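Dropping the structure in here first, questions after.
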Amino acid sequence: MDAKAVKEREPFHWQTSIAYKNKDKIVVRGYDNNDLTGNVTFTEMAYLVWRGDLPPANHTRMLDALLVSMAEHAFSPSSAACRFVASGGVPLHVGVAGGMLAIGSLHGTADRPAQLFTDAAERMQRESLTMQEAAYKVAGEARAAGRRLPGYHHAQHIIDPRTARMLGLSDEYRISGTYVAMARAIEAATEEFWGRRIYLNGPGAMGAVCLDMGFDVELIKGVFLLSRTVSLIAHTYEEMHREKGWRASTNSPIVQPLDLSLQKPEFYDGPRDRPLPKERGGAR
Amino acid sequence: MDAKAVKEREPFHWQTSIAYKNKDKIVVRGYDNNDLTGNVTFTEMAYLVWRGDLPPANHTRMLDALLVSMAEHAFSPSSAACRFVASGGVPLHVGVAGGMLAIGSLHGTADRPAQLFTDAAERMQRESLTMQEAAYKVAGEARAAGRRLPGYHHAQHIIDPRTARMLGLSDEYRISGTYVAMARAIEAATEEFWGRRIYLNGPGAMGAVCLDMGFDVELIKGVFLLSRTVSLIAHTYEEMHREKGWRASTNSPIVQPLDLSLQKPEFYDGPRDRPLPKERGGAR
Amino acid sequence: MDAKAVKEREPFHWQTSIAYKNKDKIVVRGYDNNDLTGNVTFTEMAYLVWRGDLPPANHTRMLDALLVSMAEHAFSPSSAACRFVASGGVPLHVGVAGGMLAIGSLHGTADRPAQLFTDAAERMQRESLTMQEAAYKVAGEARAAGRRLPGYHHAQHIIDPRTARMLGLSDEYRISGTYVAMARAIEAATEEFWGRRIYLNGPGAMGAVCLDMGFDVELIKGVFLLSRTVSLIAHTYEEMHREKGWRASTNSPIVQPLDLSLQKPEFYDGPRDRPLPKERGGAR
Amino acid sequence: MDAKAVKEREPFHWQTSIAYKNKDKIVVRGYDNNDLTGNVTFTEMAYLVWRGDLPPANHTRMLDALLVSMAEHAFSPSSAACRFVASGGVPLHVGVAGGMLAIGSLHGTADRPAQLFTDAAERMQRESLTMQEAAYKVAGEARAAGRRLPGYHHAQHIIDPRTARMLGLSDEYRISGTYVAMARAIEAATEEFWGRRIYLNGPGAMGAVCLDMGFDVELIKGVFLLSRTVSLIAHTYEEMHREKGWRASTNSPIVQPLDLSLQKPEFYDGPRDRPLPKERGGAR
């Protein structure tokens, strides 16, 4: 590298539009952090930090509803993961982060249906389709290609109870627009191509409502992450205080998940028992 | 393991007091999740999930204030960590979890001062001390042993601007009790032993206020984690959208953190350059 | 869910082909773990655990060379990430895991070039092309579409010094086959389409060599992960023992990365300072 | 902060004794990385990166044996955790890191028994005790205080089969010294205080042997981490290729861990079902 070129560059520093601080104050998106404290709710603060401005009243109510609806769901990949991490003997934040790692492309996927609805709406424009026509194309092509529609179907609930509640509030708060309509249109179209209705699930509803609130697709995943962090804290905390490390104790009245009876030789289907070859040092 | 004993145990299942679900509904601490959605704020929901009951009004306002105050702090170990994780090319949730891992015993440590205040209050009782006497003992013994007081001093702010705001609201909302008083008494006592005032910092204030709201020590760390997750989402998202992967590009106007000029041979102080010994295959 | 159907299913247990254990022994891919201990090297053990059989001698030597070559690379996204995680005050394993999270789609990406070479080789077969023809199509199409070739170019080294060493040993150990040849052919083809040679980088070489050893594409990422874990342990350990928490101290002779001078208001480009609107409680 | 003081400090850069790189080469602990590649084994490389020098031959053999012995253990907190993380739909490295997070103070704890043996040996010196006397004090005081001895007892194996193999090789390779002797002496002493022998487990043996090889206590945890990473890669990979996301499918012949039948209302013991109070918006 050319030493001269380096000198001409600004020395390293971070660059951000989120916040700055100095010895005396912390400024977030232009507001003094102390002005915000006591005057805005945590939900409004999240909206401000993420999007740069405080939300209008109906966005606050809707975001609260979404964050509440997705905050707790008993056992899912993330709550199970945080418990196994916790069972190894770690501080609270490590269990919570371990659970969050599980919120991948198959769990809490509000961003993936949001991308589907965004693409469908763009296509409606580009190809001058009615919404129903666009929905039919999206559903029909997915079915023909054997692809699942992200944001539809829930393996445990089939009809996810959270969906109707979130969409109802979205209508009531006058949030629902193009994307909620598209989400509904695609659900309706599934009947034609699957022979039964494939229902919009909770993350799917969250994705559509967030788009109608103007959230960027990728940031919608963030909304889910914040919401579910509530649950991960509770599950990690409960695991730490209620269960013994390792979860393998034979003294527990419930067979523990790492009990040897759940990992018997019969449940192993790799190579059969075999001696190490002699030339490798076997047959001792 | 005794096969008979195993058979007498209940087959494996999870056991929890947080929530349950079935095909048709999700129940959180006894409430139908859909009843909560639209009727309680996210802050109230967090309180319910963590503590089992909905908060009284002053707890809601106080918890909102604490969560807002700690939500964003520009660059700290966690926001820096989430950016480096993101620079390796990962989904949003992985950057956020990576940042959260940094919120350890030296960062966002509201639980550690909470433990200090709890211990001090118990000692006050046990040894029949006045609060001032207990505070003097705690501060004096720490100073004598060369120990730092968790929750006091902030390397960047010296006088953390968040502290006065949080404690002021705690007084206003009639939350402040034994623990806030103890936090203040220990701060006052530092003048005696350090020769200057060591100020209560933000996490220290959060710890005292949460104790006076009845939070368990370890759960107080969870309050910080939820709050700061807002920031980690924003920083990870900004990194993904504003910066190039690796942060090593020589084309950037700012010297990037992984630029070779920041990791020159002169900054290495291990063994000098040496040949691999001949018997190891060196001198090729 | 149909209660009858559930009853007919086997109760929950794990199912695996990797290993089993009982009270008295641990069996890995058919071998008693104690037979392996002392008789095979760690590199041979990794190969066995991952692929089900012990490696032939030239695979052992080659895998050792690859694991050595990629084990340490000074500062990269992962070693920087592990240090910031460690600076928050966490146990060693948490720093190491935090660093590993950064080894995403832009870092240590031996799997992505491996996919490129696999696709190119399949296309050569399918379209009855010579290797050179296939390589020209792959390079030319990427260039035309403005896509980068995974496994080629290194922002810091330009000509990655590890590549020639790894490929030379692969030839010497008689590993090099179709995939190493394809990697070389694509490098040669870049001259035609970029007007200069775009060099195969270290992870690219690792990907090609691993394919010629019969590794599955996705598992090749695992080879990199194991290798670089050595580095993450060293960097996390050094950070914990050599640096102070937070890395913000103004007493250090080197400006610390979280020093306020690296995060000045001038480096913030979000909304300018503004008062909280009166109706939100501002103007206190 | 004093602007003048900042100017007098060196601008930010990393400082390390592990490695450096420039455009043309990578130097690790003084050796050119390309000299090491092909000439040292991965085990020797790990030793060099961690400790600064290449190992003597008996250390290489011993370290290989330890890394092999601990590489795979079927289902434990970490392999279970990596599988649940993977079930959420994440890249390989995220599952592996998620599993690693579980290797906390209760799992793979070679460092904790190493601390116990270090303390016992120091005490032997300081108090001029015989080894047996020191071991009796350590065991007796732990028993009296109701403390468990780290590195002793294994919930699944009782007599951990790995221990005798590792210690036997340590004797054979002439590694065994003070710490292995102390580990054995403490095991012998448990009979006196527990009324039965509490056996040294695998991580305990690893800790003692590593101390006799001159490893620093905290770095011994790193030895375990590297070893078990082999397993986490295999389990994450198997989960990704063999199982369906979420692990909740009712179509599987085995009841999946997140099946609703494993999280029935009967397994919930929090507050009973209750309506939301009217003043909160309940009774809809």
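Order of writing sets the chain letters: A, B, C and D. Residues in each chain are counted from 1.
In this section, a contact is a pair of C-beta atoms (placed from the backbone, for glycine too) under 8 Å apart; a residue touches a chain by one contact, two chains touch by 3 or more.
These numbers were taken from a predicted model, which means no experiment stands behind them.
**Student:** Out of A-B and B-C, which chain pair has the most contact pairs?
**Tutor:** A-B
**Student:** So which of A-D, B-D or A-B is the twin of C-D, meaning more than half of its contact pairs are the same residue numbers?
**Tutor:** Comparing residue numbers across A-D, B-D or A-B, the repeat of C-D turns out to be A-B.
**Student:** Between chain B and chain C, what is the gap in Å from one C-alpha centre to the other?
**Tutor:** It comes to 30 Å between the two C-alpha centres.
**Student:** Find the geometric centre of each of chain A and chain C from their Cα atoms only, then give the gap between the two centres in Å, rounded to an integer.
**Tutor:** Chain centroid spacing, chain A to chain C, equals 24 Å.
**Student:** Find the geometric centre of each of chain A and chain B from their Cα atoms only, then give the gap between the two centres in Å, rounded to an integer.
**Tutor:** Averaging C-alpha atoms per chain gives centres 22 Å apart.
**Student:** List, in ascending order, every residue of chain A touching at least 2 other chains.
**Tutor:** Residues 1, 11-21, 23, 36, 38, 40, 74-75, 80, 90-91, 94, 97-98, 101, 103-105, 108, 156, 250, 257, 260, 262-263, 268 of chain A touch two or more partner chains.
**Student:** Across the complex, what residues on chain B touch chain C?
**Tutor:** Listed in rising order, the residues are 1, 11-12, 23, 74-78, 80-81, 84-85, 87-90, 94-95, 97-98, 101-109, 155-156, 245-250, 257-258, 260, 262-263, 268.
**Student:** Across the complex, what residues on chain D touch chain B?
**Tutor:** Chain D residues touching chain B: 12-23, 27, 29-32, 35-36, 38-40, 52-54, 90-91, 94, 101, 260, 262-265, 267-277, 280-282, 284.
**Student:** Report the residues of chain C in contact with chain D in the complex, numbered from low to high.
**Tutor:** Against chain D, the touching part of chain C is residues 1-2, 5-6, 9-21, 23-26, 28, 33-34, 36-38, 40-43, 45-46, 49-50, 61, 63-65, 67-69, 71-75, 80, 91-94, 96-98, 100-101, 103-105, 108, 111, 156-159, 161-162, 165-166, 169, 218-219, 221-222, 225-227, 229-231, 233-235, 237-238, 240-242, 250, 252-257, 259-262.
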